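The following pair of complexes shares a single chain, subunit A, combined with subunit B in the former and subunit C in the latter.
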Partner chain A sequence: MNLTWDDRNTIVANLFNPAFCGEVIRVVAKEYNKHTNTVFPYEFAFLILPILLHQETRVRMPRSVRTYFFVWVEDNDDLFYDFSKRTKGMVKYTKEALLFLLLYKKIVLDENGGIVTSQERVIKIDNVDHLELNHILQKAQMLGKWLSASSDVKSIYSFFRITP
Partner chain B sequence: MPSSPITDFSAKEPSLGYFYQIKYALLALLTSTKELNNPKVRIENLDDVEIEDINTLQLFQTKLHIKNKGNLTNSSPDFWKTIRIWSEHITNGLIDIDSTILNLITTEAVPDSSLLFKLKTNINRESDLDDLISGLDQISIDSNNQTNSSAYLAYQALSLHQKQKLVKSIKITDNSVDITDIDNKIKRELILSTYPGHLDAFLEILEGWWFKKAIENLTEKIDGIESGELQMKIANIRDSFQADNLPNHFPEQLEISDEDVNTLKNKAFIKQLELIQINSNSKTVKRAISDFRRAFEQRSKWLRLQLLNPEEEEDFDKRLRDYWQNIFDIMCDEADSKSIEEIHLLGKQFYINQFAVSCPQIKIREKFKEDFLTRGSYQILADSKKIGWHPNYKDKL
Partner chain C sequence: MQISKIVLYNHLGDKRIVNFELGKVNIITGESKSGKSALIEIVNYCLASSNCDIPEGIIRDTVSYFSVCITFNDGEMVFIARENPNIKGISASTTVCLMRSIEELPELSAINSNMNVDTLKEFLTRKIGISENLHIPDSLTREPLKANFKHSRFYCYQPQYLVADPHQLFYNQNKEFVPQSIKDTLPYFLGAVNEDSLLVESEITQLKKLLNRINREKRENDKIRSEGVSQAYSLIEEAKEIGILERSINPKTRGEAYTHLERVASWEYQPLEVKAENSAIKELIDKRSELKIELGKISDNRKAATDYLRSSFGYTTEAKQQEIRLESINLYNDDLEIDACKCPLCESRLETPIPTIQNINKSLENIKEDLKFTIVESPRIQSYIEGVESNYHSIETELKTVERSIAALYSENEKARTIRDLNLRRGKIIGRVSLFLESINSDPEIEDIDSKIDNLKNRILELEESVDSDNEKEKLLSILNKINLQMSKWVNDLDVEYENNPIRFDINKLTMYIDTDFKPIALPQIGSGANWVAYHLLIVFALHQHFIQNDRPVPRFIIIDQPTQVYYPPERTEDIVEISSDEIAVTKMFDFMFNVVSNLSPNLQVIITDHAYLKNNENFENSVTEIWRDGLRLIPEEWIRL
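Our next item is the complex of A and B:
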């Protein structure tokens, strides 16, 4: 399955480290759960990293959730032409991040595979060295809220043309 | 040409109209390429724009309005001028009306109260057809609009049967994209042809070529522009973009100070160089540091921009290691019977000849030809002790 830490390419290991990726996923799920009665679906977890860690996509996210998610995707379809490929490339980092979160008890899965998160505050570090990190976390909160207002998992996956 | 401070807009509209027509031709060919069998576009032949494949002919009248953008009315000159052209084509036998689609593309709107509103969709009901023909008949007889008079005559010259076929073939597209929108529409058609973010530059190159072809067509140097030709051009442009699809963000060598060296002196890749007796104050070490940093930053950047996927990164490392393993093993065989001093020298030569003076031709992408990336990536691998220069580097570090 996953390569051991020492065998990894340092750059990939740093950028997609499970603690960081895990926190991004936790923030999205936490925010989602806050705004809806349903529990964050497991399948949504796989969409988070390809949206938020892709700089161009993240930068083009609107300021507020008033724009509909689907409308935004339509208007920015040049970002999503290879989205399914990007998503597939990120699957292993998402899985690893979820394992990490489970291990450190930051999330639990309910009987339907929904993700319930711990309630720790999202820590943003306010200095110039962490601008990118802050931006990712801020947009993570937005994405969580956004997804909570969107339709079900199936339509979102088919909307992104992600097939098994 | 000196221009008066108050330019008459009516003069701008026609010239923009020509641009619009030519851009529309590109859009029409791009769209129809997906639906028709190797279509061909002609500009200003039977009509403003004409698309033809084996089975069908589509004529397009393009009407661009910028100022006084209003409604396309029943007696609008835009509509009747178009009817005149098409009627004359039928009378003169220039088109086979059964396999021709007549398109009127206008930036104006057709109000739903208008007789012409029905022409926005295909006419299926006989009663609609009869209504339209009697409506048009009436306008062409009753109206004394001077501008339209020759159009009315051309229309009246058709037999009832011909009128029916004419009306059935007409399709009006109103509220059509205007001159500023058309670029966006074209870009949308090209979206799968290149990388995101390259689309504007891509269109710029394609349009340059397209205008050249359009002029050749208008001056009758060529009969038309085929979709195959357009497809070739798009592929060519795409190739040229692929060449730099991994942009080089760090084209300059870095200045490395003695202080930099000092803070890094405990790093494994510097120690690896010390093992083969390359002094940490040497310029060679500074070059290695510069390469390390540039490669590290560049590869991180590509990943952040997702121009490169993580698998490619891993694969690149694997290829670098494979290559190194091959020549390293050969050197180790040579080292078997050597003294300690000779082994040092062997390692040093190995590094200098293979990785410093020249560098293995292993590329992260075929066309990214910057050596700093390969060199620096080897330093990164040396730093994690996955490779080394000294035959016994593993025991000595």
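Our next item is the complex of A and C:
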């Protein structure tokens, strides 16, 4: 978050623009909150972009949430050997996206740092060019549901070998 | 890996926690039927057992989740819970709940299955540090076996029926296939198998391939060389025949022959003089080669253009993705009064402003502009490619016509064909001569090849030795010898019949032998349950000492159920048997365990469940974790009333 918008590399800035990243995060959090009584924990937000915007990881996600999250992680160990590095790289985009969402009142933080989202429908555009975008949004919904079924933050971070 | 807690949850979410101390002896002493023996099966069930052997009765009726907290060598505490299979009427649930790095126990409501048993097994296998390994049986009647976490458990449990059984030493040894898998994997756990044998094997295969290739090269060279001089003369004769060398040449020595051959090899191509009637062919041939060159150029151009087009299309799609992602901005409402320099969380001023809708909209405009340009440009390239394409086709047709007329002329003119043949044969001769000369001149290189081959062979031999099964057998033998020695030393601390005779563990029969002065005696042939218990303890502790000292990937705990049963059969009394310290045999046995554990401290945890209570023994009294009598037992009484 060190550079202003105009100073950034155009391609990177455009592809990781906060409006888009924010929407992806919002979709995951919205889906998570729908399926559980607990509010989407702030810490989870940082896992979203490295999973969903990394093409190979996204493509290898299973079709349904019936596969357990940890089973998938263990089976696809090769995807995650450098996951903590990937996550670190995305932290600034995640933070920016969260600020952007807060700024435009799409999310609210509750007293425990949970993320409450606005309830707008997820818009998908039916168009060949939008295939990738739709795929990302679809997997975002799935990830939200998945995380809601998988236990606590610490176990998930341990499985991704991320140490604070 | 050691056990910190065993936790049972009932249906209401109440917890029954049994705490254990790490790196020490933990004793639970209690009445009969208080749930002591179930502990082994509970631990086993939670640690990825495929079936549930927890005894039916009060335990299975009241508990909803069985769970353990285990602490790994790296300090991480992991909570594993598995549902009581009774609830859904299945023999064992296939799912588990795993929580890592926990600090406090979760409530029942927080326990959700999040993985299956196989994944848990994989997780434990990796976590205790079992590297990739494979046991490839000598005879090929069995599948290769990979040691995993399940194979490490044979050495950790000594249930009541096993600890005094003369026919088996290890957990589950009476089950089908288990003895074989113990024999196959124990060498790995003992450390007799090279850790990275898989890696080494694959390196050997690679090196062997390389060796084969070099050998082949060498053979080819040798062949040419061995035919040597005689071939040189015959090549010169052939060269004379087709007019590359003058007829008068007649080399006397080998050196002379070689110089002539070198001349042949460097011979410049001089097209044979074509006589007047063939001039049409000559022209056509020239034309043909011109056309071919032209065609080559055009096809290069075409390729360059298509490549450009492809990459530029790639850019279009990429830019298109940027546009699509920027469009997300439409989801946001720009009517809001926004101060981009103010942090929305803490109201403080931000050094760099958050990009605003205006920023992103501008980028969206830019990228749309960019895209217009790319899309306009690509058709022009397309038309260029089309031009190139048609040019290519016309030249191709022309070339075909030329070739056809050449062929026609040839068939008319037999003489011309001989000339072409002659040219061909000259080319062939020159080729063979140069190959010949290369092989003659490459002497130093051949030495190189020889030394290379030697190096490779040595390296392969070296690697093979390191994974050699003979070598492994020797290593295993030496390890077992060490263990035998340890057992023979420890045997004096216990009350057994053959105190002064060496003991040996036979890995092929999975039993123990006592070498007396007259003959070896197998464990089943020795009478008395007291002896059997003693020998079980010896082998289990000796193995664990070896595992610990060599940092082998085996859980660092042993659970022993009812080691005193041979002295005080549980049938005799329901209550705890209180023993005074003058019962030498029992005292010796416990002191032996205390000693070993404290020598290995804090690397070995021993959990003993027994109905005996050793009075006036300080170690014993300090190690007692819980006394299950007068209502206190594994399952709290309130649970039963529910």
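Things to note:
Just so we're on the same page, the second predicted complex is superposed on the first by the 163 of 164 C-alpha atoms of A that agree within 3 Å, B and C clash if a C-alpha of one lies under 4 Å from a C-alpha of the other, contacts with A are read in each partner's own complex, and residues count from 1 in each chain.
To be clear about the criterion, a residue touches a chain if its C-beta (ideal position, glycine included) is under 8 Å from a C-beta of that chain, and two chains touch if they have at least 3 such contacts.
Quick caveat: nothing in here was measured; it's all calculated off a predicted structure.
Because the two structures share subunit A, they can be overlaid on it, and in that overlay subunit B clashes with subunit C. By the touch criterion stated above, A:Tyr93 is placed in contact with subunit B alone, subunit C being left untouched. Of the two partner chains, subunit B is the only one that A:Glu56 touches; subunit C does not reach it. In the superposed model, A:Asp110 makes contact with neither subunit B nor subunit C.
Of the two partner chains placed around the shared chain by superposition, subunit B is the only one that A:Tyr81 touches, whereas subunit C remains out of contact.
In the superposed model, A:Leu15 lies in contact with both subunit B and subunit C. Between subunit B and subunit C, C touches the greater number of residues of subunit A. Annotation: subunit A residues 6, 10-11, 14-15 touch subunit B in one complex and subunit C in the other. Touching subunit A in their complex are the following residues of subunit B: 188, 191-192, 196-197, 199, 296, 299-300, 303-306, 309-311, 313-314, 317, 380, 383-384.
For subunit C in complex with subunit A, the residues that touch the partner chain are 76, 95, 97-102, 106, 110, 112-116, 119, 122-123, 318, 320-322, 324-326, 328-329, 331-333, 336, 338, 340, 343-345, 352-357, 359-360, 363, 366-367.
Looking at the complex, you find that subunit A touches subunit B at residues 6, 8-12, 14-16, 53-56, 77-79, 81, 85-86, 89, 93. Taken together, the subunit A residues at the contact with subunit C in this complex read 1-6, 10-11, 13-15, 17-20, 22-23, 68-71, 74-75, 96, 99-100, 102-106, 109, 120, 123, 129-130, 132-133, 149-152, 154-155, 157-159.
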